[in-house]
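Got a structure here, written out as C-alpha cells. Questions coming.
Note that the chains take the letters A, B, C, D and E in the order they are written out, and that residue 1 is the start of every chain.
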Amino acid sequence: MSTLNNQTEQVKEISGVNPLKCMKCGKCSASCPSFNEMDIKPHQFVSYVQNEDIEALVNSKSLWKCLSCFACVERCPRDVKPGKLIDAARQIVIRQKGQDYLSPNEIPELLDPEIPQQLLVSAFRRYRR
Amino acid sequence: MQELIARAKELLADGTVARVLGWKAGDLPYNPEPAYFEKEEDFKDFVYNSFCGANLSKFMIEASKLEGKTLVCLKPCDTYSFNQLLSEHRVDRDKAYIVGVGCKGKLDIEKIKKQGIKGIKSISGAEISDEADTLTIDTIYGEKTCAFSDAMLERCHVCKGKEHKIYDEIIGESKETKDAERFAEVERIEAMSPEEKFAFFRKELSKCIRCNACRNVCPACSCRKCVFDSTKFDSSQKANVDSFEEKMFHIIRAFHVAGRCTDCGECSRVCPQGIPLHLFNRKFIKEIDELYGEYQAGETVVEKGPLTSYTFDDVEPGIVAERG
Amino acid sequence: MKYSYYPGCTLKNKAKDLDAYARASARALGFELEEIENWQCCGGVYPLGSDEIATKLSSVRVLNEAKEKGQSLITLCSACHHVIKRVNDDMKNVEDIRTRANNYMQLEEPYAGETEVLHFLEVLRDVVGFDKLREKVTNPLTGKKIGAYYGCLLLRPGKILEFDNPENPKILEDFIRAIGAEPVIYPYRNECCGGYISLKEGEIAKDMCGNIVDSAEGFGAQMLITACPLCMYNLKKSTDEALPVIYFTELLAEALGVKGEVDNA
Amino acid sequence: MSIEANEEFKPKIVAFCCNWCSYAGADLAGSSRLAYPADVKIIRVPCSCRVNPMFILRAFEKGADGVILCGCHPGDCHYSTGNFYARRRMTMLFSMLDYMGVENGRTRVEWVSAAEGVKFSTTMNEFVQKIHSLGKNVRLGDLRCRN
Amino acid sequence: MQRIGVFVCHCGTNIAATVDVAKVAEMALNEQGVVHAEDYQYMCSEAGQAKIQAAIKEKNLTGIVVCSCSPRMHETTFREAAERAGLNPYMVEIANIREHCSWIHKDVEEATKKAVILMRAAVAKVNLNAPLKPGESRVTKRALVIGGGIAGIQTALDIADAGYKVDIVEKTPSIGGRMSQLDKTFPTLDCSACILTPKMVEVNKHENVTIYTYSEVEKVSGFVGDFTVDIRKKARSVDMDKCTGCGVCQEKCPSKKTLSEFNRGLNTRSAIYTPFAQAIPNVPVIDRDSCMKFQTGKCGVCSKVCQAGAIDYEQQDEIITEKYGAIVVATGFDMIKLDNYDEYAYSQSPDVITSLELERVMNAAGPTKGHLERLSDGKAPKEMVFIQCVGSRCSDDRGKSYCSKICCMYTAKHAMLIRDKYPDVNVTVFYIDVRTPGKNFDEFYRRAVEDYGVNYIKGQVGKVIPQPDGKLLVRGVDLIDNKQILKEADMVVLAAAIEPNPDVRKIATMLTASIDTNNFLTEAHAKLRPVESPTAGIFLSGVCQGPKDIPETVSQAGAAAVKAIGLLAKDKLMTNPCTAHSDELMCNGCSQCANVCPYGAISYEVKEINDHGVRETRRVAVVNNALCQGCGACTVTCPSGAMDLQGFSNRQILAEVDAICR
C-alpha cells in the first residue's frame, strides 16, 4: 500500500526521530536487555532506516522483542531514540489489517491466574491495532 | 501686592537688583503677563493676583545672562522649577534675588467661562490679600459668582505644598490647596482598555495645532535649539513633508522632560486647545515613583535624575507587558 | 491536603493490596486520596507514535478532571504514572498533540498540561518529607535488608519523568531508610523485568528477572519492593519464595502501624 | 481552537543590536545556522544605550510592525553601564506607549550575550510570532495629532 | 553628494547559494549615490580587494558598501583596503548578508530580498558618512597572563624573553596547572614533571616575570593598550619572604583530612599545604576552611613549629592594581563532572575512575605511590576497561557537543604504559572512533595495539554493573562482531570530556571577551586569527580557546605571546574615532551627558560662542576623544541632540531605519 520511500518517511514521522543524528557509537545495543533475542540489533535499526530498508525491519523478530524499557532512549548521546524507531516500525505492521502479533484466540492458553490486567492491556496496545 | 511692590522698589533703589521680574496687567482683567520692571514708573502696571499663574523661573535662563541681579517673584511651585534649572546649570543663583511670593491657588479663566460666565468686566476675590472663598464677577450681563476652588487650575488641586524650596525672602502667605489625588487622572486612564486609551489620546492629540505654546512655556523644555527644530534628527519642521513630529512630538517632549519635569502644569495651562498635556508628564512621574522610588524633581538641587542613574536590580522593560 | 487519585485497572483487581495499603497510609500521614470519578484505563503503555491521539485521551480526561478540581493528581502504579505523566508532558509541550487532543475533547477551557502529576512516592519525598515520615513510623522495620526494584517506567525517559536520577535512583532507598530498614543497593534495580513481553515470551522475561534477583540476593537483599504490579508478577515468576517481592505500600502501612486495618478489613 | 493563518502578513521588524554582545550573538546564531524569519533586520549600534526612543518611534512611523532592542546582559555591558540607562529609558518609553493604548507586544528588550546564539534565534522567532499575532501595526502609524 | 560603490561577496557558496548576489548588485544601482556595483567570489581575497581599490580610483568613489560576512570579521580588512586606495577607511560600511542572512535563511527569494534591504540600509548610512580620523593612545608595556599552567608559563616566558614585563595570575597556590598532574606525556612518554619543572623554575626566576599565585583577577577596566586590573592576592597566612619551604608545618599540621585537589580527591592533605613537592613558589598556604586555628581558634601548631616565624594568621587579602597593555587568557580546563553518567557507576564504585585520576594513580608521587591498584581494596587489577567519549560528542544536554581531542591519545598512552609495566594485565578499550591526527600519533596508537596487545573494541559501553564480589561487569557492544559483550573488569577508566575552567565565564565577562556556548573563548577568526579574542588587546592561550594537547598548547601559547609582543612593541595605538561630539551651538550645558558618561570623558567649558553672529558666553560640553569609547549614552540623554556620535550619528541610524522600513 505504500512505497518503500514512503514507509521510511512514515517511520521517521511516527517516531519523530532523525536517524542522521546517529554517530554509530552502539550505546543503544550495549544497553539493550533484549539484544541477544533480536535479529536486527538496535543500532542497526537506525542504519536500516537510513538505508530505507523498512521491509527488513517490519519482518524482523526484533519488533516483538523490544521491551520499550527506554534504556537506549535514556543513554543515546545523540538523542536518536532507537526505541522509538522500533515502535514506529511495529506501528506500521499492526496498523495493517490482520497483522496483529497477538490474537484474542491465543489469549486463553497464555493466561495464568496471577496475570495482572496491566499485562494484557499493555500487550494488546503494543501488539495489536 | 503693595508690600511686594514696595520691597521691589526698595531693592531696585539700593542697587541690590537691576530689574524685577513679575507680572503686569494685561488688556483683560484676567490675563496678566510676565514682565520686567526696571524703573519706578513701570510699577504702575505691576500686578500680582490669583490670575498670575505664569511660572517665571524659565525667564531666569535669559535673565542670568544680563548685567546685575534680577529680582524674580516665584510662587512655591515655581521654586521647584528654579531648583531644577539650577541643577542643570541653566540659571545662575548669584544672578537671582528670589522673592517667594504667597500663593493661595491660581485661577483658570477657562473654568469660569465654562460655567457660562461671559462678558467679564472685572473680577473681585482674586486679589491675593483676601481670604474670599467666592469670586464675584461683574459682567456685562450683571454680577455672577463662582466658588474659588471651582475656578482653580488643575495643578492647584494637586498642590505640592506651600513651602518655597528656594528663596531670598518671602512676601505674603501661602496656602496648600490640595484637594485631589495627584495621580487619579493617570490611574483612570491606566484602567482603560487599550482601545479606550487609544481613543482617548487620539481625540485629545488630534486637537493639537503644533503652536508650540507648551514647549515655549515649559521650564524643563528649554533647549537652546529644540530637536524638533534642528536637522540632527531629520525631524525639523518641513511643511507637511513628514508627519513624524506631529505624531511623536508629545511623546518625545514628555520623554525629554521625564525625571526633570516638576509637574508645574504650565503646559496644560497655556494650551489653547485645552489638551491635558500634564497627563503625559505625570504618567512618567508616576512610573518613576513606582519603579525607581519616589522622586520630586526640583525638590532640591541634585546632580543626577532618575533617568541618568540606575541600579543593578532595576525592573526590566518587560514589566510593562507583564503587568498587562 | 486533598489529592486527585488515579488507581488504574490493576489496582482494582490483582493489585488491590497496593491500593489499599496506600490509602491507609495516606490517612495515617494526613493526606487524602480522592479517586477520580469514572476514570478509564490509561492503556498500560505510552503510545510512542507521534501521531497517536485517541490512545492518549483517557489520560487527558483524568488530567483535566484533576485540573478542574484544582488538585494534583496522584498515581501509584508505575505504568499508569508513566503513561499519564508523559501524556501530560505532550499536552504541555507538544503543540500538535495539544491542539488535536483538545479538538477531540471539546472542553470548555482547553487543557494544556496544567495538572501536576505526582507518584505516591514523590508525595512521600516532596510533600510529606522522608524526615517527617520517619517520625510517624510507629513500627520501624529494623534489621530488614530490602532491595528496591525500580524497573523502567518510573525512571525513563528521565527528562520527562523527572522522578529521580534514572541511572542511580535513591528515592526508594531513602524510603526504606525512613521506615527503619536497611536498603540494599544493587546495579540491576533499574534494569527491565521484561514487561509485557512475558505474555508471549515468558522465558526471556524469566532470564531478565533472574539477573535482577541474583544481583539483589548477591548484595544481600532479603526482600524486594516494587511499585508495579507487572514487575511484581514477572519477578515472582523467577524467584522461589526465597526472595519475597512485595509492594512498597505494604511495608509503609506496616511501618505506620496500619497494616492490620487493611488485612482485617 | 482553529487558528487561521494570517494571509501573507510579512511584518517589518527592526532589531537594534549592540555591537559587543547581541550583534555577536546574532553572528553566532548565523554561524550555528539557527534560523529565524527574514522579517527581522538588524541595525548595529555600539551599545543599547545608543538607541534613542526617536529611532524606535521613527521605525514605527515608517511602517515597522515591531521593534526589538538587544544588548549585553545587565552587568556585562562593554561600556559597563550603557544597558542600565537603556533599561530605564526603554521602560519609560514602553510604559508611555502602553499608556497611549499601543499594543505592548510590539516593543521588546532582550539581553543577549555573544555566547547566546540560541537565545538570539529563539528570541527573534518568538518576537516575530508575537508580531504575527498582533497583526499589522495600525495604531502607532495612526497616532497623529491631526486626523 | 557621495559616489558610492557596492561590492557583493559570494563567499564561495556561503552567500551565493542562498542569496542572488548579482541581483543585489543590480538593485544597488538604483540606490541614491550608488555609481558602481559588482559581485565577486571572495571580496576579502587579494583579488577582491583589488577590485574595490580599482573601482575607488576609476570611479572616484567617496564611499563603499561591502555586502559580505559580519563586520566583526572583515570590516577592518575592507577599511584597510579602502585606505590603501586613498579613501578614508570610515567611508566603508558592511552589510552583513552572511551571518544575518544567507546562513539563516533557506529560501533564495526571501534571502535575496533581505540582502537587498540590508544593502540599502548600508548605502543609506554611507550617504551620511563623513571621513573620520583616529586619535592616538599610549601603550602600557606590560602584559598580564591569567592562568599559570603550561600555556600561561610558555606565553609569559616568550613575552618576558622579548624584553617586556609580564605578570602571571594563578588561582591555586602553585603554578604548573593540569600538566603538573600528569604522569607521562604522549607521544614520547617523557615524564611530565621532568619537562615541566624546568620551565616553572625558569619563569619563576625570570627578571621580567612577576608571579601572583593564590590570586585572582578581580576587576578589569580600560581598553587595548591601557587596561587597569585589580588582582586579589588572597591571604596565604604564610609570609612569602620569611618561609624557607622546609615543610615542617605540613608534617606537623594535625588537620589532615581535606581531600587533596592535586590528587583529584583520591587522598588527603593537611590544612597548611603546598599542592605538590615541586610547587612554585615553594611556600605553603593555609586553607582556612579546614584549618582548626581558623575554625575553632584552637591549634596554632604550624606557627609554633615554624623556625622562620613565617606563619601569619592575621594576613589579609591584598588588592594589587596594575596597568597592562595586553592580557592573555590561559585559564585551561577541567574534567566534566560525571553526575550525569551514573550508568558507568563512577559514583557507585571507587574502582571506576577518570583518566586524570589514573594519572595520579600511576604517578610515583600519587596516592598509591605509582602502584597500579584498585582504590577499593588495594588489589592489583587483572582486567582493565577503558571507556572513550564519556560526555564528549553528545548532542543532548548531558554532555558536551565537541570532541575533547586529547582522550584517544592519552588512553593509548595509559594502555601502553600499563601493558608495559604490568604485562599480565589485560587492557580493553571501548571506542567509537580512534582519532589520532598529529605527528607520530597514529603510529603511537598502533604501537599500543600491535606491540602491546591492547584490545580495542569498536562500540560503546551501555552500563557498568558492580558485582557483589567487587568486580565490575561491563556490558558493551562490539559493533564489528555485532555482539553484546559482558566483560568482568577490575578497574574501569572513563575518558571524561574536558571543559573550560568554570571561572572563565567570569573572566570573559570582565574582559568583555566573547565566549561560546561551551564556555570556550571565541577567537577573532577561526582560521586567520586563532589566538586573538575579538576584543582588542585580549589574547588566547591553550585550552581556554578549545580542546588541545600539550604540543598544540605550547605552540599556541607562543603565538599568543607574539601577538601580545606585537602590541606591546607599539608606542601608540590608533584610537577608535567613532566618539561623541557636541555641537556647541546647540549645547545647553545642562550636564546630563556627563552624568551618564562611564569614562568621565565629558567636561564643561565656559566659553564665548559665536552663534550666527551673536556672541555669547556659555557653558558647553566638551568631549575628550582620548577617553571617549563611543558608547553613545550621552547622545540619548541630550534632549536637544547637540551630542551626537561620529560613525553612528542620529541621522545615519535614522537613515538605516528608513531604508529597512521602506
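Rule of thumb we're sticking to: a contact is a pair of C-beta atoms (placed from the backbone, for glycine too) under 8 Å apart; a residue touches a chain by one contact, two chains touch by 3 or more.
Owing to the predicted nature of the structure, the values given are computational and were not obtained by experimental measurement.
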{"item": "Topological distance between chain A and chain D, in contact steps", "value": "2"}
{"item": "Most centrally placed chain, judged by C-alpha centres", "value": "D"}
{"item": "Chain of greatest Cα-centre distance to chain B", "value": "A"}
{"item": "Chain A and chain B, separation of their C-alpha mean positions in angstrom", "value": "79"}
{"item": "Geometric centre distance via CA averages, chain C-chain A, whole Å", "value": "25"}
{"item": "Between chain B and chain E, centroid-to-centroid distance (C-alpha), Å", "value": "57"}
{"item": "Computed distance of Cα centres, chain E from chain A, in Å", "value": "45"}
{"item": "Residues of chain A whose C-beta touches two or more other chains", "value": "71"}
{"item": "Per-residue overlap in chain B, given as positions that touch at least 2 other chains", "value": "227, 233, 307-308"}
{"item": "Sites on chain E at which at least two other chains make contact", "value": "343, 463, 596, 637, 650, 654"}
{"item": "Complex interface listing, chain A residues touching chain C", "value": "13-16, 33-34, 37, 64-65, 67-71, 73-74, 83-84, 87-88, 91, 101-102, 110, 114-127"}
{"item": "In the complex with chain A, residue positions of chain E that touch it", "value": "343, 389, 393-396, 398-399, 432, 458-463, 475-477, 479, 482, 484-485"}
{"item": "Interface residues, chain E side, partner chain C - complex", "value": "341-343, 345, 347-348, 463, 465-469, 473"}
{"item": "Footprint of chain A on chain C - complex, ascending", "value": "8-10, 13-15, 41, 43-45, 47-51, 55, 77, 79, 152, 155-158, 166-167, 191-192, 194-201, 204, 208, 229-230, 232-233, 236"}
{"item": "Parts of chain C lying in touch with chain E, wherever the complex brings them together", "value": "165, 167-168, 185-188, 215, 218-220"}
